[in-house]
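Shared chain: chain A. Partners: chain B in the first complex, chain C in the second.
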Partner chain A sequence: MKQVKVILFNLILLAFSILTVVPFVWMLVSSFKPNSEIVKIGGSFLPDTFTIQNYINVQERFDFLRMFGNSLFVAVVVTGTVIYTSAIVGFALAKYTFKGREFIFGMILGTMMIPWAVTIIPRYDMIVNFGWLDSYIALILPSIFSGFGIFLLRQNIMTIPDDVIEAARMDGATEWYIFHRVILPMSRNAISSIAIFQFLWVWEDFLWPYLIINTQSKQLIAVGLKLFSGQYGTDYGGLFAATAISIIPVIIVYVTFQKRFIAGISGAAVKG
Partner chain B sequence: MFKKLWISMLVLLSVLVACSGGGASNNLTKDETPDKGMEVFGEAVMFNPNKLVNDGEPITIELWTWGAEDVFQKQIDAYKEIYPNVDIKTVVNPWDEMWTKLPLALQGDDGPALFNIHNSQHDNLINFLAPYDIPLADLQADFSGVDAHIIDGDIHYFDIGIMTGSIFYNKVLWEEAGLTEEDIPHTWEEFALVAKQLTKKDDTGSIIQAGYNFNGDYQAMVLGLPYQQEDLLFSENGQNINYDSEARLAFTEYLHELYYEHEVGSPNFGDDSSQSFGNGQSAMVYKWGWFQGELNNNYPDIEWGVFQTPFITEEIPFAIDRYNGESTFGINKNAPSAEQEVAQDFVRFVLAGDDFSVDYALLNSTFPTKYAVANHAEILSNPVLSVLSENIDRYMWPGPFPAIIETVSGQVFQEIFYNRKDIESVLSQAQEDIENGMSQSKFISAEKNYLHYND
Partner chain C sequence: MYKTRHAWFFLTVPLILLSVFTFIPAIAAFILSFTNYNVFQPIEFIGIQNYIDVLSDHSFRNALSNTVYFWILVTPALIIFPIFLAILVNQKLKGISVFRLIYYFPVLVSIVVTAILWRWMFAESGIFNYVLSLVGIDPIRWLTSTKTVMPAMAIVTVWQGLGYYMLFFLAALQGVPKELYEAADIDGANFVKKHVYITIPLIKPMIFFVAVISTMSAFKEFTLMLTMTSGGPLNASTTVVLLVFKEAFERVNMGYASAISFVLFVVILIITIINKKFLDTDYK
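This part shows the complex of A and B:
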């Protein structure tokens, strides 16, 4: 009976996973079809006419690889910086006792409650006044601190016993050494979670890079994907090919961090 | 783990940088030759190339657009050939989002000096526009789309092309039904008969080929075709909607009869007439000029033809249909004066020549408003434009009316054709809904500018 239940449960999971994966596979397969086949009513799942023209076109029309590279650069820099700043602030909030600690933590949590859309106009004005329009500093600098990242790492670092830190201090370790050699390695699960979330957010972010960057050669991939939808129609083949390329780094990041991802999230959820 | 990831990301990044093309180099040279030895060209709007722009000093301006970059680039290249000290960088934006970014950018002096306008964004942009530095009379002499855009005696942009509706038909299905060119209908009565001939049903009576499919097109038709019965969309003062009218009722009843009495199509025969036509399932559709591009791009195997939208009688009506214009460039009044000067000169260059009007017209099958190119061989050889050319002065532009009118028209179609509600009461409700939606609107119709308004 128990075995039947397991099989049934797995079948349900299989059905859900098929539902989730099929549109993605369809997009991938369709990226090798000409547009006339994609919009064909009752067309076949696999291409009748196999073509890589969509992939060639996206590069020729938009220099798509440059946009891809731009996104990768910004996403890697922001993710790396956010991990470091979140860890260092989380460490201070979790392991040091000082006046106003809870207030600061409350303020940091408060930043997570404000919808980002509310801040976009003042942020834009600031960037214009700083003269940072059309530069990557405007994409990177406002993102280097993450309320979510600080929260997650503070919760995680709180689970590290104080005795470990005390032992390191007694062995003569400096605070700098403790942070880099003790705290960071012991926070891998939380760091993995932040890495996945932050990379995805930066990779998918459309509106902010679109507003800030004007030069086509500096533009990011999320904006490039939108260019396939025009006033009177959509170049589906181009859009599918570009999307297929654009998800490669996301898959790499997820596969790299997935083992520690769930542990990191659940670790933050149960500790107070 | 982390080291490996960073290294793989950096390697990927390096490969991408190596593979991608470099940024465009900006090789501007000082122009020291005012006299280019070139002829002045243009008819009323003239362009004299024999001068220096920006005193010959290098200058770069931006032109923001949502498409047509090839057409613009051709003009930019031609202009740069005359003035090697000038660079005009095109920045392509996504269509929907451009209207969020552009007004923000235009508030400061960092915004683009030139940008493409769509008249639906008139209210959003008009406060940022500098008037054209071209005499109004010259523009009026060369272009038909000017009068509706005069504000305090100035022109900030106007229609360079006219887009409107025609009937597209599938030539193969037409032939299969035993029809010839002689059978092209001129009246709505003839149209219904032809549509019936083109309709095919299976043994159960279900439609397998629609003679005429207007699913998704009702909004466009119902706001334009009632003009054939001298029925204006707005009241005489131009401010009040005239939606619940006899002509709109009669036209909607006619469409209703096509589906429910003549059974030439069905609201359940797919919700996208474009795709249905492209797949050879519908023999006739009403579409605006952009559809030619869609057919060429997505349905290259369909053999199609096009004919003028039928009339009530054989006589040419008061107006055949509504049109919407594709606009000329806007010039940013907040841009530095040197950039504005270049922008003004470039606009004059584009308008004085004929190439831009022709290329832009062919791009989306918009009929050019420039008189000089109305009979251009390439325009007349385009199937859509050649059909429109027959009575191009008989199309009406009501102005950039609020979006609520199209939105409610879409709901009208659903209420009548899906929910099967009474046509009169639905139109009456629509009138009320639009009146409420427009209560704060300052829109004034441009119908009075129609050439045959007083006929």
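This part shows the complex of A and C:
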């Protein structure tokens, strides 16, 4: 019986995997094909002519590694600060009762309901007025608060029993201490999710760095990737090769942080 | 009433920065929605004319009904399937972390690559129609028929969102005490019962979160339609934000585009409030 169950589980898991991984493999395999072969309708899955020219072009056509480094810097700084600010605001909204709490929470949810197409112009004007064009501060500062992150942490911290916090207060812990030593460690699954997604979003965000950064050597990788769809059609091979390389950090972040889930919350204080 | 002062101590700096970079631009956009701003002319206040125009605009109504249809197709699927997947990959099985990675792959594929790939799969002689032909169903014109274009978009969105929302539920599942399952096992509860009566109630805050997040992204979706169909055929896949995008950046009617956005904002707000009523329970 147990054996049958395990086999059944694996079959379902496998079926879903085929759905999700095939397109990705297709992209990876295609990055080793010459362009003429990629655009051919009804072409074979595996390359007829195997080439690594796409990967060589990526570095030669624009300084790919430089952009890679720039993106890494911005993504790490933004992700780190977003985690901290989301947790602190999420904690205040989840565990303190005060006047205006629902209003503030409503406003934060509200920020997520307005399409970016509308706010991007006023925001751009603001950055120009501050004199922050072509600087990383314009990429970092507006992004270090995330309505999404605050919302996620609030939902998560709500599930932490009040008794845990009360017990810490009884022991004479300050609120500051409770936040850092009780709430943060108990929120690590949610924090891991934020780390994974925030990193991904900064990594993939195209429009904002495209508007803000003018110097080629300061540019981020997401903008670089768009250079492949030029005026004279798309260089699919180059695009696929560059995409394949550029998702490596995102995969590393994902694998690192989702490992925390397996560890579980066995280390956490009191059970609910 | 635990020490209001502490709450404000934690909130002040974040809220100031949030105001500067998010609220102020939003307010500015709101003010613009009462003007005829189009970059070229001097700004002129025209009262609520934009809003009157939006509400009587045939293409807005079409876009709104497309968007609602898309939302209905996508959001329930993006709650049910990811919960199911999360429970699956939360089992202690050999190689489970490989599956956790594999399910995440669609999230990593950029929109441009996604569009190329799915256009190819939805083609007249593509893989979907091939599978249908095996069971004797006539080929479907997925992307070129007004009836199937939105379901096709929904399939792509659900495909891409599975691994993404799975992760939130996976995080939430870690907070469910194992003892509860053990107790249920002793009582002889089966797999389905265990999860319906234990898992679902305990991860409710996360279900609310996912319901809200996926609702918002369904209502704000447009890049997929822009890259795959440009909103066609016959505007059957034009969503509200795609309309905003076209008004703002193709026709440069910034004032009008802002007004459409705020009407959409009100729609999303109402749905979120309803969601909150049903799903947001405080743990006391």
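Simple rule for what comes next: the second predicted complex is superposed on the first by the 227 of 272 C-alpha atoms of A that agree within 3 Å, B and C clash if a C-alpha of one lies under 4 Å from a C-alpha of the other, contacts with A are read in each partner's own complex, and residues count from 1 in each chain.
In this section, a residue touches a chain if its C-beta (ideal position, glycine included) is under 8 Å from a C-beta of that chain, and two chains touch if they have at least 3 such contacts.
Note that this is a predicted model, so its numbers are computed, not measured.
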Name the contact category of A:123: first (chain B only), second (chain C only), both, or neither.
-> second
Touching partner for A:72 - first (chain B), second (chain C), both, neither | first
Could you say whether A:29 touches chain B, chain C, both of them, or neither, answering first, second, both or neither?
-> neither
More residues of chain A are touched by which partner: chain B or chain C?
-> C
Between chain B (first) and chain C (second), which does A:239 come into contact with in this model arrangement: first, second, both, or neither?
-> second
First, second, both or neither for A:216, with chain B first and chain C second | first
Who does A:140 touch here: chain B (first), chain C (second), both, or neither?
-> neither
Hey, what residues of chain A end up touching chain B and chain C alike?
-> 42, 121, 229
Taking the complex as given, what residues does chain A use to touch chain C?
-> 6, 9-10, 12-13, 16-17, 19-21, 23-24, 26-27, 42, 85, 88-89, 91-92, 95-99, 101, 104, 107-115, 117-123, 125-126, 141-142, 144-145, 147-148, 151-152, 155-156, 158-159, 161-162, 175, 179, 189-190, 192-193, 196-197, 200, 204, 225, 229, 236, 239-240, 243, 247, 250-251, 254-255, 258-259, 261-262, 264-265, 271-272
The residues of chain B that touch chain A in their complex are 1, 5-6, 8-10, 12-13, 16-17, 19-21, 23-24, 62, 66-67, 89, 91-97, 100-101, 104-105, 108, 110, 112, 118, 270, 275-276, 278-279, 281, 290, 293-294, 297-301, 364
Within the complex, which stretch of chain C touches chain A?
-> 1-4, 6-11, 14-15, 17-18, 20-26, 28-29, 32, 85, 88-89, 91, 93, 96-97, 99-110, 112-114, 116-118, 125, 159, 162-164, 167-168, 170-172, 174-175, 177, 179, 202, 205-206, 208-209, 212-213, 216, 219-220, 241, 244-245, 248-249, 254, 257-258, 261-262, 264-265, 268-269, 272, 282-284
Seen from chain A, its contact residues with chain B in the complex are 35-36, 39-42, 63, 65-66, 68-69, 72-73, 76, 80, 121, 124, 128, 133, 188, 206-207, 210-211, 214-217, 223, 226-227, 229-233, 235, 249, 252-253, 256
